[in-house]
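Given below, in the form of structure tokens, are the structures.
Each of the next two complexes has chain A plus one more chain, namely chain B in the first and chain C in the second.
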Partner chain A sequence: MKPIVRYLAAIWHILRKDIQVEWRGRQGIPVMLVFALTIVFLFNFALQLSPDLQAGLAAGLLWVSLAFASTLGLNRGINLERENNAMDGLLLAPMDRSAIFFGKALGNFCFTGLVGLVLLPVFSLFYPQNMLRLPLVLVMLLGLGAYTSLGTLLSALSIQARTRDILLPVLLYPLALPILIAAVEASRGVLAGQTLSNVSSWIYLLLAGILLFNAAGLIFFETILEE
Partner chain B sequence: MSTQTSTLISRIEIRDLVKRFHHQPVLNHLSLTINDGDFCVLVGDNGAGKTTLLRILAGLVRPNHGVVTICGSDPISEHPLRRSIGYVGHHPMFYQDLTALENLMHYARLYQVGNIPRTIAEAIQAVGLTTYDQQPVRTLSRGMQQRLSLARALIHQPSILLFDEPYTGLDQAAAVFLDDTLRGLHTPGRTILLAAHRPQRLLSIASHVAWLKDGVIHRHLPVDRLGEAPELGRYLQEVA
Partner chain C sequence: MTRKPTLLKILDILSLLIVPAVLILVWFFTPVEAVMGPVQKVFYFHISAAWGGMLSFILGAVAGAGYLRSRRMGWDSLSLAAIEVGLVFALIAILSGMIWARPIWNTWWVWDPRLTTTAIMALIYLAYFILRSGLSTPETRSRLGAVYAILAVMTVPLTFFSIRLFRTIHPVVIATGGGQGSAFNMTPRMLTALFASLFAFTILLADLVWHRFRLAQLQNPLSLEEK
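This part shows the complex of A and B:
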């Protein structure tokens, strides 16, 4: 087997294991969903805004729900590897350790993406806009791609910390701010009827985030996990 | 790749190894050579650095200074070499919600083991867990999880085996099972390093004893020459 095929196979095996664990335990996606839906309901009833204002706020609220829910998923994803030192099992395997980063990041992306896809129709019920639009789905997936890549990298950083549960959000939210701003702006533009090319500068920022954080994972992941 | 590493001599060489945690040296210019086919028991007090040494050899911890070679290569930078290492640590390294079978499948895929269903069936049978293979790992006892760890560490047929206190938490029956397994594993071409706080039961199985004290290997000699090191003999009696 060629090295690149072996590398991709290792990523797939890690992703597959995360999906299998989630399917058996059902402890990640349901928690993220309940949390995100609670935020949607709470904001809807607490703000009592006019339809015009609600439309303007929808993009921001969508990303607040997604960002908070994703953080729960990221914590769950790394806790899974901490229990029983399962991360050691991955580190012992004969593969480049950056494959662990990509496998975990892909798993986090799939789970949060799924939560986002459930969230969009729910938003359409509460806010006077059809959120199930292909451009918005695309923006959401790009934003989550960048956010979960950064989150996976930082969650690995927190694996050995005593204050790991609070360390991740403390590090993640400030560093993800440019990504979240770009995602909100691109989503708002799309919801206001603009085409993707009209919001291309924000899309490019999201793409740059995906590239940057994945490159950082490729280079630094092994160093981050070192004792 | 497995054929490439398996043709190399299963020798562990450590030269001038230093590992510090928070500026505190745990291993302090430690040197040790374990030859092909040796079964070496690593003894030492709690906190002597046995776990750290084993984790460095497994490629899980990077030393601050010194050279570690296994089969002639560095286990951290040469990741294909890790295929020839089997490691049983303090924790079983399993996913609690997955079954014993699923956990082993996951590791077999990562190690690119050939004919996975057959290999796993044989591994599970070898550790006597065939009737429990469909149970989630969280429902297995400590002894069973330890047996499963053994299956995980052996599934890719490594030539170097590293055990860190494998008897901890085992009842008498499980400990006897482990004795028999270790005896069976001690074959030519396979090198074993086993850290034990109370090594008495291993002296009839192992070929060598290494005493880790003050961050260095204080004594390293064959079991049948223990009489030459009365200080080590007294230590072994004290910890028995």
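This part shows the complex of A and C:
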């Protein structure tokens, strides 16, 4: 096999493993979903949302609940490898270690993406706006792509600390701020009826985030995991 | 490591002289700004502190890269020193900005791109210390600290760009008539004082970083053997 094919195969195996674990245990996605919905309800009362306010805030609420819920998934994704020292097994596998990063990041992206896809129709029910639109789905997937890449990278950092479970949000949210701003603004624009080209600067920012954080994963993941 | 280098002594004396000198310059040499009055004079130290913080964070990332390349604890001590002093400078910039904003914009806080970016930056680097304090082995602490320092500097331009874009797309809520730097016309005397202040803060920064570096080296047990 060519090296690139072997590399892609390694990524695929890690992704498949994570999907299998999720499918058999069903402990990641349902928890994220319930948590995201709880946040939606919390916000509704905390912010006293009237119908005319809801329309403007829906994009922001979607991203806040997605960002918070993703943290649970990211923590769980990396905790899976810590339990029973599964990470040692991954590290021993004869492959470039950045493949672990891409595999885990893709897994996290799939799970949070699925949560997002379920949240969109739910939001359409709760708020006076149809949110199940193709441009919004695209923006959401781009935003989550950048967010989960950074999150996967940082979860590999935070897992090594004594304060592992509480550390990830503190590391992730400030660094992810530009991604969240861009995602919220692009979503708001799309919901207000603008086309994707109207919000192109935000889209470019999201693409830049995807590139930057994946490049960082490619370069640094090996360094983060070395023992 | 035991004796204080002569250059550091010179830097000590220089910063002890130059910072009060600039203060006198700001008090008596610069004109009082016509619209804002004496409070505008905080500007000289405000800009200089922000500049020092920025410079220091970049130094922290460069030293982090140096650590990852060479694995010498000296680079890690430098990275830690630069980021710690940089955080203090950033906090000075934020506080002096607030003091300036209160009489001019009639509020302590404005969601201005520069102010907000600086605040986010402070949060990012606060998280750096939380990360370090959670890691128990010195080698892991240095390695992950270095990765995080580089990652943090990478996202700062994204943050600034996103907040800037956020502001230009949105209507300007508060007209920044007396903004920072470019918004009012500076007289030659103001410029002189500004450059003098920038220079003074750079000297002070170098001095403080060097002292903090020596302290970090002394705390590091391995350095005693290396000398």
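Methods note: the second predicted complex is superposed on the first by the 223 of 227 C-alpha atoms of A that agree within 3 Å, B and C clash if a C-alpha of one lies under 4 Å from a C-alpha of the other, contacts with A are read in each partner's own complex, and residues count from 1 in each chain.
The criterion applied here is as follows: a residue touches a chain if its C-beta (ideal position, glycine included) is under 8 Å from a C-beta of that chain, and two chains touch if they have at least 3 such contacts.
Nothing here was measured: the structure is a model prediction, and the numbers come from that model.
Once the two complexes are laid over each other on the shared chain, residue contacts for A:10 go to chain B alone; chain C is not touched. Contact with chain B, but none with chain C, is seen for A:93 once the two complexes are overlaid on the shared chain. Contacts of A:194 after superposition: neither chain B nor chain C is touched. In the superposition on chain A, contact is made by A:226 with both chain B and chain C. Once the two complexes are laid over each other on the shared chain, residue contacts for A:205 go to chain C alone; chain B is not touched. When the two complexes are overlaid on their common chain A, residue A:181 makes contact with chain C while staying clear of chain B. When both complexes are overlaid on chain A, the residue A:24 reaches chain B alone and has no touch with chain C. Of the two partner chains placed by superposition, A:130 touches none, neither chain B nor chain C. Residues 226 of chain A lie at the contact with chain B in one complex and at the contact with chain C in the other.
Here chain C touches chain A in the complex through residues 68, 120, 123-124, 127, 130-131, 133-136, 140, 143-144, 147-148, 150-152, 154-155, 158-159, 161-163, 165-166, 169, going by the rule given at the top. Across the complex, chain B meets chain A through its residues 1, 55, 58-62, 79-83, 85, 87, 89-98, 102, 106-107, 109-112, 136, 152.
Of all the residues in chain A, the ones that touch chain C in their complex are 153-154, 157-158, 160-164, 167, 170-171, 174-175, 177-179, 181-182, 185, 201-202, 205, 208-209, 212, 216, 220, 223-224, 226. In the complex of the two chains, the chain A residues touching chain B come out as 1, 6, 9-10, 13-14, 17, 20-21, 24-25, 80, 83-86, 88-97, 226-227.
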